[in-house]
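Next come the structures, one after another.
There are two complexes below, and they share subunit A, which is joined by subunit B in the first and by subunit C in the second.
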Partner chain A sequence: MQEPVLKVDGLSVAFRNSLAILDDVSLEVHRGQTLGIVGESGCGKSMTALAIMRLMPSAALTVSGGAIRLNGENLLDLDDEAMRAIRGSRAAMIFQDPMTSLNPLFTVGNQVGESIQKNRQIGRAEARRITADLLKAVGLPDPERHLDYYPHQLSGGKRQRVMIAMAIAGHPDVLIADEPTTALDVTVQAQIFQVLRDMQAASGTAIVLITHDMGAISEMADRVAVMYAGRVVEEGPADAILAAPSHPYTRGLVSCIPRVSDAAFDGWPELPVIPGTVPDLDQRGEGCHFAPRCPLADDRCAKRRPPVLHDGERRCACWYGMAGGQPHGRI
Partner chain B sequence: MNDSHISEVPSPLREAWVAFLRNRAGVFGLGIVGAVILLSVFGPLIYPVDPFEIVAAPLTPPAENARVPLGSDYLGRDILSGIVHGARVTLFVGGAAAAMTVVIGVLVGAAAGYWGGRTDRFLMRMTEFFQVLPALLFAMALVTLLSPSIPIIATAIGVVSWPAMARLTRAEFLRIKSQNYVIAARSSGAGDLYLITRVILPNAAAPLIVSTALVVGMAILFEAGLSFLGLGDANVMSWGLIIGSNRDYVIDAWWTVTIPGLAIFFTVLGLSLIGDGLNDALNPNLRER
Partner chain C sequence: MQALANLGGRLLSALVLIGCVIVFNFLLINIAPGDPATVIAGEMGGASEQVLAEIRAAYGLDQPMLVRLGTYVMRIATGDLGYSYYYNDPVADLILSRLGPTLLLLITGLGIAIVLGVWLGVLSALRPDSPFSHLVTVFSLIGYSAPVFWTGLLLIILFGSAWPIFPIGGIRDVTQSGGPLFHVFDVAHHLVLPALTLGAVYTAQYARLCRASMLEVLKSDYVRTARAKGLRTSVIVGKHALRNAILPVVTIIGLQIGQMLSGAVLVETVFNWPGLGTLAFESVLRRDYPTLLGILVCSTVLVVIVNMLTELAYRLIDPRIRAAGGAG
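Moving on, here comes the complex of A and B:
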C-alpha cells in the first residue's frame, strides 16, 4: 500500500510537562484523500493541527512523544529554520475565523503575493499574476480587482477563499483546514467545501479537515478520526463509521445529527444530547476519559485505559469491544 | 457588502490622513509645528541678526526700540533673533532625542514582546533600570560628565526617555503576536524578521506614532529644563538658553523669559495636538464621523 503523505504516530503533547493535552494520537492521510477530525470543543483537534505545523501557542506546551512524518520525514527532528521552510510550501493551514486571519493593513494581492515570493524567487509582477490565477482558482470573481482590496472590504466567504489561495500557493502536500467554515453561513460553507474539493482534485493535496460538524464529515471526509479529551477514540472510513459507529462517544455524536426524515407535522423530535462536558485537563484520570458521560461505563472503564481494538480498517478504543453499531459485548 | 460601491479603495494611510484633516485641533497643531519648522529653516535668512551680538541697551522692553522689537536680554542681545535662530536647535534636539527614543525603544520592545521568555525578562529588567533612574538628574550627570553640547544633550534625553517607548512597543507586540493573522502568516512560512517588520510592527504603528509626537514635545521641554539649570550649550542659541541665561532677571524683565517660554509652550502644545489628532485618526474606534 502507498505510503501516507502525513502520518502522525503516537503524538503526545503536554502542558508544563505534566498534564497531557494530546495522548498517543495516531493519524494518517494519503495523497488525494481527506481525513476528518471530529470532536467537541476542547478535545484537542486544533492542538493536533498546531502540533503538526509546530505552531504551539505557548512555550509551556511541548511535544512529549511520538512522531509526525510528512512523506516519511519526521517534522519533530527539524530545526526551526527547516520547519519554517516546510510551512507554506509542503504543509499549509487555513483557520477558523477568516475575518481576523488576514493582515488588515495590506491588500489581498500584496499579502498573497508576498507569501508566494517567500517560497519562490520571482518578481512582484509575476507574483501578482500568480496571485490573480490563484484567486480565480478559488472562485473569486474578477480576481484582478480583488487584488487591490483590503481584507475589511471582503465578506467572510471571500476572505476564506483568499486564505485558501494563500495556503495552496506553495502547492502543499498536506493542507490542514481548522474549522474552515464554522464562522461562515451554510450556503457559503458548501461553496468553500467545493473549492477545497476542486483544489484537491486538481493537485492531489491531502486534506486534514477539523470540524465538529458531522455533516461536514459525511460531505468531505474519506476517513474520520473521532477525538475525545486528547485521545483518538475511533478511527476508520467515514461512511462506515457514520453508518455504524462503535464507540459510545461517536454514537452520541452521530445520534445528534438532525435528519430531515425525522421531521414530523408537529415539529422536530427532541434531539438527543450527550450529558456533561469534556473534562478539564486536571480531571482526566487513568481510565477512559469518556467514562463519566458514557451510558455503558462501569468501574473498569473509569480505572483502566481502554484497549485499542482493530477491525479491518477501523479501530476503536473502548472496553466494550467493536460491534459496528450493534449492541456491545464485554471483552 | 456590495461590490459596486467599494470600487474606490483608499489605503489605510490615506484614510487616516483624511480623518486627521477633519480634526480641527490636530490641524491647528500641525499649523503651529509647520510654522516653527518653516521658521527654523527660513527664519535666519529673513532675519539675519546674529543672536549673540549686542545690539541694544540691556533689558530693553519690547516695542521700545525698533532694533529689538521683542526687547533685549541682560546683555542687550536681540530676543527676536534668539527666537528665530534658536528654533532650529530646539527642533533638532527634540527631533534627535525622539529619533533615538524610537530606535532604542522599538528595538528593545519588539525583541522583548516578540521572543518573550528569557529575552523578555532580561530586556525588561534593563528597561526598568533605565526607567527608575531619576531622568533629570541622570541627564544632568551625563551632560556634566561629557560636555554640554547639543548632540550630548539630545543623547541624554534619548537615554532617559526610551523605556516608556519600549514598554509601549512590547505591550503592542504581545497583543498583536497572538492575533490570527500573525499565526496565519507564520503557518504560511513567514520568518521572524518578516513577522516583526511586515506583520506586527505595521499593526502596532498607530500608538507608536502618536507617542513619538509627544516624545518630541517632551524632549523640547527637557532641553529647556537643562538650559534653565545652566546645562545647555552656551555657544548655540536655543529657546532654553534664552530662558536659562536670563533667569536672574525674571522679576525685572518678564519678557526675557516669557517670550521664549511662549515659543516653547506653543510648539509643545502643537505637538501634543498633533499627537491627539493622530490618535483619533489612526484609531478607527475614536474616529468621529
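Moving on, here comes the complex of A and C:
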C-alpha cells in the first residue's frame, strides 16, 4: 500500500509535563483522501490539529512522545525555521470561525497574496493575478472585485472561501480543516464542503476534517477517527463505522444522529443523549476514560487501559471487544 | 462627494465647538474674583479711584458683560485676540512667538512617547514572562504615577548637576553665538531634558497600553492564521499584530492631547521653556485675562485639530471605520 501523506504515530501532548492532553494518538491519511476526526468538545481534536502544525497555543503544552510524519519526515525533529517553511506550503490549516480568522485591517487580495508570495518569488501584480484565480477556484463570484474587499465586507461563507484560497495557495500535501463549517449555516456548510471536495479532486490534497458532526463525517470522510478524552477510541473506514459502530462511545454518537426513519413510525421520538461530560484533565485515570459514562463499564474498564483491537481495516479500544459485547449496531 | 460632505460637517462642528469653548472661557474668567484694573494699577504703583475708572474705561472693562462678550467674539473672528495688559503687546503676537517652542516640545515629547512606548510595549508583549517585560511594567507604573514636575526635577539633578551634560533651562544659550547649524544643535541640546520629562509619562502609558493590546492581539484568531500561513515572525508581529494593537494607542493619543498641553505647562515652568505654558502660568498670576483667554482659544483650536488628525489616522489604519462613513 502507498505511504500515507500524514502519519501521526503515538502522539502524546502534556500540559506542564504532567497532565496528558493527547495520549498515544495514531492517525494516518492518504493522498486524495479525507480523514474525519470526530468527538465532543474537549476530546483533543483541535489539539491534535494544532500539534500537527506545531501551533500549540501555550508554551505549557509540550509533545511528550510520538512522531508526526509528513511524507515520511518527522515534523517534531524540525527546527522552528524549517517548520515555518512547511506551514502554508506543505501543510495548511483552516479554522472554525472565519469571522475572526482573517485580519480585519488588510484586503482579501493582500492576505491571500501574502500566502502566494511566501511560496513563490513573484511580484505583486503576478500574485494578484494568481489570487484572483484562487478566489475563482473557491467559488467567489467576480474575483477581481473581491481582491480589494476587506473581510468585514464579506459574509461568513465567503470569508471561509477566502481562508480556503489562502490555505491552498501553497498547494499543500495536507489540509487540516478544524470545524470549518461550525460557525456557518447549513446551506453554506454544503457549499464549503463542495469547495473542499472540488479542490481535493483537482489537487489530490489529503484533508483532515475535524468536526463534532457525524453528518459531516458521512458526507466528507473516507476514514474516521473517533476521539475521546485525548485518545483515539475507534478508527476505520467511515461508512463501515457509521453503519456498525463498535466502541460504545461511537455507538452513542451515531445514535445521536437524528434520522427521518425514526420519525416515520411514531412521531418524533426524544433525541438520545450520552449522559455526563468528558472528564477533566486531572480526572482521567489509567483505565478507559469513557467508563464513567459507558453502559457496559465494569471494574476492569475503570482501572485498566483497554487494549486496541484490530479487525481488518478497523481498530477499537474497548475491553468488550470489537463488537463491545454486542452485535454491531446501535445501543 | 460623500467624503467631502463628511469633511465639511466635521469642520462645521469643530467651529461650533471652538465657539462654545470661547464663550464658556470668557464667562468663566469673568465670574472669577479679582479686578484686572487693580492689578494694572498695582503694577503702576497704586492709584486712586479715578485712575482705576480711567483704566477700566481704557480697556472697555466698564461695559456690561454681554457687550464685552460680543466685542470679544467678533474680534477673535477677525484674528484679534486682544491686547495684553502686562506685556503691552497684541496677544496674537505673544502667542505666535510662544507657539513654536511649545509645538516643538509637544511634538518631540509625543514622538519619544509613541516610538519608545510602542517599542517597549511590543517587546514586552512578545516575551510577557521575561525579566525585561517585568522591568517595562515597573517602569510604566513609576512613569505613570510620578508627577511631571518631580520627574523633571530628578532629571535636572541627574543630568544638570550630578552628571552635567544637558542644559537645565531655557531654549538656547545666549552667551554663545554661531551659524544656523549651531542654533539648531543648541535648541536640540536644550530640548532633551524637557522633552524627555514630558515624554516619560506618556511613554509609560503607551507602553502599558501597547503591551496589553499586543498581548490580546497575539492571542487572536487572525494571528494564529498568520502563523498557520508560515509567515516570518517579523511579518506576523510587524504587520498583522502591530497594526491592530496600535489602534487603542491612536485613540488615547487623541484623547490625551489636552492633558499633554497642561503637562507642557508644568514642564515649561520647571525648565523655564519659553512656550505657551510659561506664558499661561505667568498670565494666571498676573490676571492677564486677554492673554489667558487667547491661550485657551489657541489650545482649544490645537486640541480640535489634533483630534481631527487622530480620526484621520484612525480611518487610514482601520478600514471598518472608513466604511462606516459619517457614522464613524
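Here is the rule we go by: the second predicted complex is superposed on the first by the 319 of 331 C-alpha atoms of A that agree within 3 Å, B and C clash if a C-alpha of one lies under 4 Å from a C-alpha of the other, contacts with A are read in each partner's own complex, and residues count from 1 in each chain.
The working rule: a contact is a pair of C-beta atoms (placed from the backbone, for glycine too) under 8 Å apart; a residue touches a chain by one contact, two chains touch by 3 or more.
Keep in mind that what you see is a predicted model, and the values were worked out from it rather than measured.
Aligning the shared subunit A places subunit B and subunit C in steric conflict. In the superposition on chain A, contact is made by A:Ala92 with both subunit B and subunit C.
In the superposition on chain A, contact is made by A:Gln153 with both subunit B and subunit C. Using the contact criterion defined above for the overlaid structures, shared-chain residue A:Met166 touches subunit B and also reaches subunit C. When both complexes are overlaid on chain A, the residue A:Pro104 reaches subunit B and subunit C alike. Of the two partner chains, neither subunit B nor subunit C is touched by A:Pro295. Residue contacts after overlaying the shared chain place A:Gly123 against neither subunit B nor subunit C.
Between subunit B and subunit C, B contacts the larger number of subunit A residues. Residue overlap on subunit A between its contacts with subunit B in one complex and with subunit C in the other: 53, 55, 57, 84-89, 92-93, 95, 97, 100-107, 114-115, 118, 150, 153, 163, 166-167, 170.
Chain contact summary for the complex, subunit A toward subunit C: residues 53, 55, 57, 84-89, 92-93, 95, 97, 100-107, 114-115, 118, 150, 152-153, 163, 166-167, 170.
Listing the residues of subunit B that touch subunit A in their complex gives 1, 6-7, 9, 11-12, 116-117, 178-181, 183-191, 194, 198-199, 202-203.
Only residues 219-222, 224-232, 235, 239-240, 243-244, 317-320, 323 of subunit C touch subunit A when the two sit together in their complex. By the touch criterion given at the top, residues 53, 55, 57, 59, 84-89, 92-95, 97, 100-107, 114-115, 118-119, 145, 148-150, 153-155, 163, 166-167, 169-170 of subunit A touch subunit B in their complex.
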